[in-house]
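Note that the chains are named A, B and C in the order they appear, and that numbering of residues resets to 1 at the start of each chain.
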Amino acid sequence: MNTNKVHAKLTGKELFLQIIRWILIVFFTVYALFPLFWLFMSSLKTNGEFLAGNPFSLPKVPQWQNYTNALTVAGLGRMLLNSVFVGIAATLFNVLVASLSAYCMSRFRFRGRDNYYTLFTTGILIPLNALMVPYFVIINRLGLYNTYGGLILLYSAIGIPMSTFLIKGLMDSIPMEIEEAAYIDGAGFMGRFFHVILPLSRTGIVTAATFEFLTCWNEFVFANLIVSSEKLRTIQVGIRYFTNQFSTDYVSMYAAIVVSIVPSILGYIIFQEQVISGMTSGAVKG
Amino acid sequence: MRLTRNDKGPLIAFMAPALIMMLLFFVIPVIYVVVVSFFKWNGITDPEFRGIRNFALLFKDKAFLRSVLNNIIWALVAGFIQVPIAMVMAIILSRKPKGWKFFRTVYFLPQVISGIALAMLWRAIYNANTGLLNGLLKLFGRGDLARDWLGTIETAFPAVLIYWVFYIGYYMVIMMADITTIDESYYEAATIDGATDFQQAIHITIPLIRKTSLATCVTLASVMGLRQFEQVYMLTNGQPANTTSTIVLYMYKKLQEPNYGMASASAVILIVVGIIFIVSLRLLFNGRQENRQVKKRKGA
Amino acid sequence: MKKFLALILALAMIFALAACGQSAAAPAAQEAAPAAQEAAPAEAAKEITINFPCIWVGTDSKAAYFAEMVDSFNKENEGQIKVVIEEQTDYQAYRDKIRTLVTAGEVPDICTMDTAADVELYTASGKFMDFTPYLDEGWRDTFATGTFDSYTYDGVTAVIPFESAIFPIVYNVEILKEAGWETFPANWDEMFEMFDDIKAAGYNAVGQMAGENAWTSMLWYSALVQAIGGKEAFENGLSDPAFVEAADVLKRMYEYTFDGAISAGAGDVNGHWIAQDTALYLNGPWWIGNLYKEDNAKDGVLLADVCDVAANPEWVGGKGQGGLVTKVQSFILAAKQDDPAKEAAVVKFLQYITDPDRMQVWSASAGSMFFVNYEPSEDTTVIAQKFAEIKKDAAFTVLAVDANFGPAYESAFPAAVSALVLGQVDAQGFVDQLQTAIDNAA
């Protein structure tokens, strides 16, 4: 494995590189953690303190009731469950569909393949705000307005271009020989996909799944548009519970945001540990 | 790989679900957008055919032209500054320094936070009175440089762009996943030959990810740069004087009016600009698709 | 619209059905209520369901009493009418949703909107219920005189102006005293003298913002146009010279605001006001409640205890003496119904919530102002009473510029203000920029 080599003596150049490396690592760590820290501190202030005081001061008295507010008043519990359910279902469906098509486009030459691929890539840049009316009409005509199914179908669909793009990108780096060997051994189309390519592209699939899940988790516009019942509301709707036509209760909103990111951070860490780390053994590149 | 006759059925079955979803949720809606772009339509009363007048109005509107320019800058900065930074960090972390798993997770965290919080934080950092940036400048005796960063014509757009360049988690994760698939024996051989980590990165890692995850990330980052909306909307709402506007923000404002015709026309222009980007990047990284497969095979 | 939308939708449906069959897009548990527009379940065929995506929920000050009213209405009409409230808290998202629903032809049974300039459009679309027959039966008399005059087109009244707002100047008495002003200036020349004194005393005179929707600058600009050009300026439109003159004054006011006003949003303006470093504050009656909040007190001093309210001062030589800037914060609309029973049910509900006795309670509990006539409650706060007096004393009212000129103007305003203040355009250029935005939308 790529373990960090420990030399008895570092040359000057290596020492310099080591220092640069750690400066970079620390810089990005601070840069990435600071927003979380600031968010958490702000969520413990009063609104007056937050608006009128120094934005980077610590809260005078931690206002834990902002969290009570977020959890009880806004009813975040149910929304978290909905988000988890919708996110997982949409992600599974999305990566399944995307890896099927990515396999075809990555491993085979067929008529129109490049055009299809361009179609998928272009899909990433479509500004979805422009599609509110058509999406509403489609979901409504399918009878999926105000259902989990509507959210799941829409979310998995809008993530197809991105997931296909990511998964195909990784499948492209799997050498043809591996698959050809399986072909000579008599493995069919399905067999090669499920037993050879799919396991080897796990990292790509996991990356795509992570992004797709975060897309679902952070999506608000369509969550508000195609759902009307409180029972089906997702977490992003909950975060906006503390705003109204005239004002925003910032600190409670921040508390709600903190509550909303805890599960996704935990999920991400567990996912990273269990899935990515356990699969680095199969080196395929070279 | 060659397609045998037996493969045709499964191939169609594999492609069909994705294609149907693309057709339903992208192709048809985009046709709708293109059609609407030729109409004057408020979404409430009947539309009125307008020919290319919406496009003509767009190209006369300085705010729109500025938005296109901003998006192009954004896409280039994302692809050719943000992604290379992410690549450097991916290479550093994939050499597994102490605590690399922790750092990998930490770098990704900003992507998990809702965009509202990130935008509010950076508004606070750039604030003229209580902002951290002005505070630091004063601390180092350069209080003369302090200003309303998001409210000055010259600094607003760079300020919006720069803070965001250093959130690299997305691309770093993609490239790290790719780097882990590189055969360890390459590095071992290089180490025996006395190559430093730096040389190994230049001669082994970068060439091996160039056409795969690096190309993926550059394309992805550029495209994300082109459809940038949320951060700008919450940081500056396109101000001052439209200098930080982007195409999607412009489009969103047109939707509010409601001017579906011009909103759709700006979406069409975004798509056209995007396709130009995607095609150019593909040429830049791959030459032709065919060549690449052959090279890969030789390398193996 | 029908022609090309229908074609595209037909295509969409074909592929949608195909997608359902082939792609195993099996929707998960469809446990929730059916789409709002679908008919009520067969077994309860008699009960009429009214669907109302509504913003008077969550942290809105009108939420508590509104929920009470909906409950009691549903109880009184059990088995016959059921009003279902869809909670909408993010106002921008609510606008987006209503606009999308209307465009897609799925108008909710009841909804609200806040853009006066769109009323004519909505009325002309024929998708909304005409309230005229019900208003003529006496309902109209419960509203302030003339409420419907500006919103009736070709004899059709499709909107009910509901919540109103006025924008008098709230000021910090202590800061004025420190600057040597015991009384509020009577005209704008004195205002600027006072601004100089306030600035010299180390305070900000006003809270301007060109970020977000440039809300307070929009209000100050409205007040200036009203003082300079009077009611006729709003009727003449942007060609009236008052708009150019007022733009110059607005730019001047930016010399008396806090640093960073160009990028500032509502949070910044409110923050400075709460920190009691800004003397004057311009905002609607919904902010009154915040003046009384302990959270917003500074060193134990409640804002309400150091505040007073003043009308817009006179512009010497101007045409707008005694005028007041107002806005309609919400209009109520209802979908046109085919079923007369449902139409009656919708009207019954609307008449229920706009009943003057209920409005009295609602107004007091929420601190809001409405178009319905009601006796002011005794619970009203001092500041709210002063707002009411200013409203009563107003010689005439005008709509704030954004409401007067519509959404295209509204969305172009922040860019124009920042360009004006940063010297990118002069006052005439500022007005031209806004005029172009309106022309492009037309």
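Everything below uses one rule, namely that a contact is a pair of C-beta atoms (placed from the backbone, for glycine too) under 8 Å apart; a residue touches a chain by one contact, two chains touch by 3 or more.
Model, not experiment: these values are computed from the prediction.
Asks: Using the definition of touching given at the top, classify the network of chains in this structure as line, ring, star, complete or other.
Replies: If you draw each chain as a dot and join those that touch, every dot ends up joined to every other.
Asks: Decide which interface, A-B or A-C, involves more C-beta pairs in contact, and give its chain pair.
Replies: More C-beta contacts join the chains of A-B.
Asks: If every chain is reduced to the average of its C-alpha atoms, which one ends up farthest from subunit B?
Replies: Greatest centre separation from subunit B goes to chain C.
Asks: What's the distance between the Cα centroids of subunit A and subunit C, rounded to whole Å?
Replies: Comparing mean C-alpha positions, subunit C is 37 Å from subunit A.
Asks: Could you work out how far the Cα centre of subunit A sits from that of subunit B, in whole Å?
Replies: 15
Asks: Among all residues of subunit A, which ones touch two or more of the remaining chains?
Replies: Expected reply: 97, 132-134, 138, 250.
Asks: Could you list which residues of subunit C touch at least two other chains?
Replies: Only 8, 12, 16, 23, 96, 103 qualify.
Asks: Of all the residues in subunit B, which ones touch at least 2 other chains?
Replies: Correct list: 17, 21, 24, 28, 32, 43, 127, 255, 260.
Asks: Help me check something: in the complex, which residues belonging to subunit B touch subunit C?
Replies: Against subunit C, the touching part of subunit B is residues 16-17, 20-21, 23-24, 28, 31-32, 35, 41-47, 57, 61, 63, 123, 126-129, 148-153, 156, 236-242, 245, 253, 255-260, 262.
Asks: Help me check something: in the complex, which residues belonging to subunit C touch subunit A?
Replies: Result: residues 8-9, 12-13, 16, 20, 23, 25-36, 51, 53, 55, 58-60, 86-91, 93, 96-97, 100-101, 103-104, 106, 114, 266-267, 270-272, 274-275, 284, 286-287, 290, 293, 295-298, 329-330 of subunit C touch subunit A.
Asks: Using the touch definition from the top, list the residues of subunit A that touch subunit B in their complex.
Replies: 1-5, 13-14, 17, 21-22, 24-25, 28-29, 31-36, 38-39, 42, 54-56, 97-98, 100-101, 103-104, 107-110, 114, 116, 118-127, 129-135, 138, 154, 156-158, 160-162, 164-166, 169-170, 172-173, 175-177, 179-180, 183, 188-190, 193, 203-204, 206-207, 210-211, 214, 217-218, 236, 239, 250, 253-254, 257, 260-261, 264-265, 268-269, 272-273, 276-277, 280, 282-286
Asks: Please name which positions on subunit B make contact with subunit A in the complex.
Replies: Per the touch definition, subunit B meets subunit A at residues 1-3, 6-7, 10-11, 14-15, 17-19, 21-22, 24-30, 32-33, 43, 88-89, 92-98, 101, 103-118, 120-121, 124, 127, 130, 132, 135, 166-170, 173-174, 177-178, 180-187, 191, 196-198, 208, 211-213, 215-216, 219-220, 223-224, 226-227, 229, 247-248, 251-252, 255, 260, 263-264, 267, 270-271, 274-275, 278-279, 289, 292-293, 296-297, 299-300.
Asks: Flag every residue of subunit A that touches subunit C in the complex, lowest number first.
Replies: Listed in rising order, the residues are 46-49, 51-53, 74, 85, 89, 93, 97, 132-134, 136-138, 140-150, 152-153, 220-221, 224-225, 228-233, 237, 240-250.
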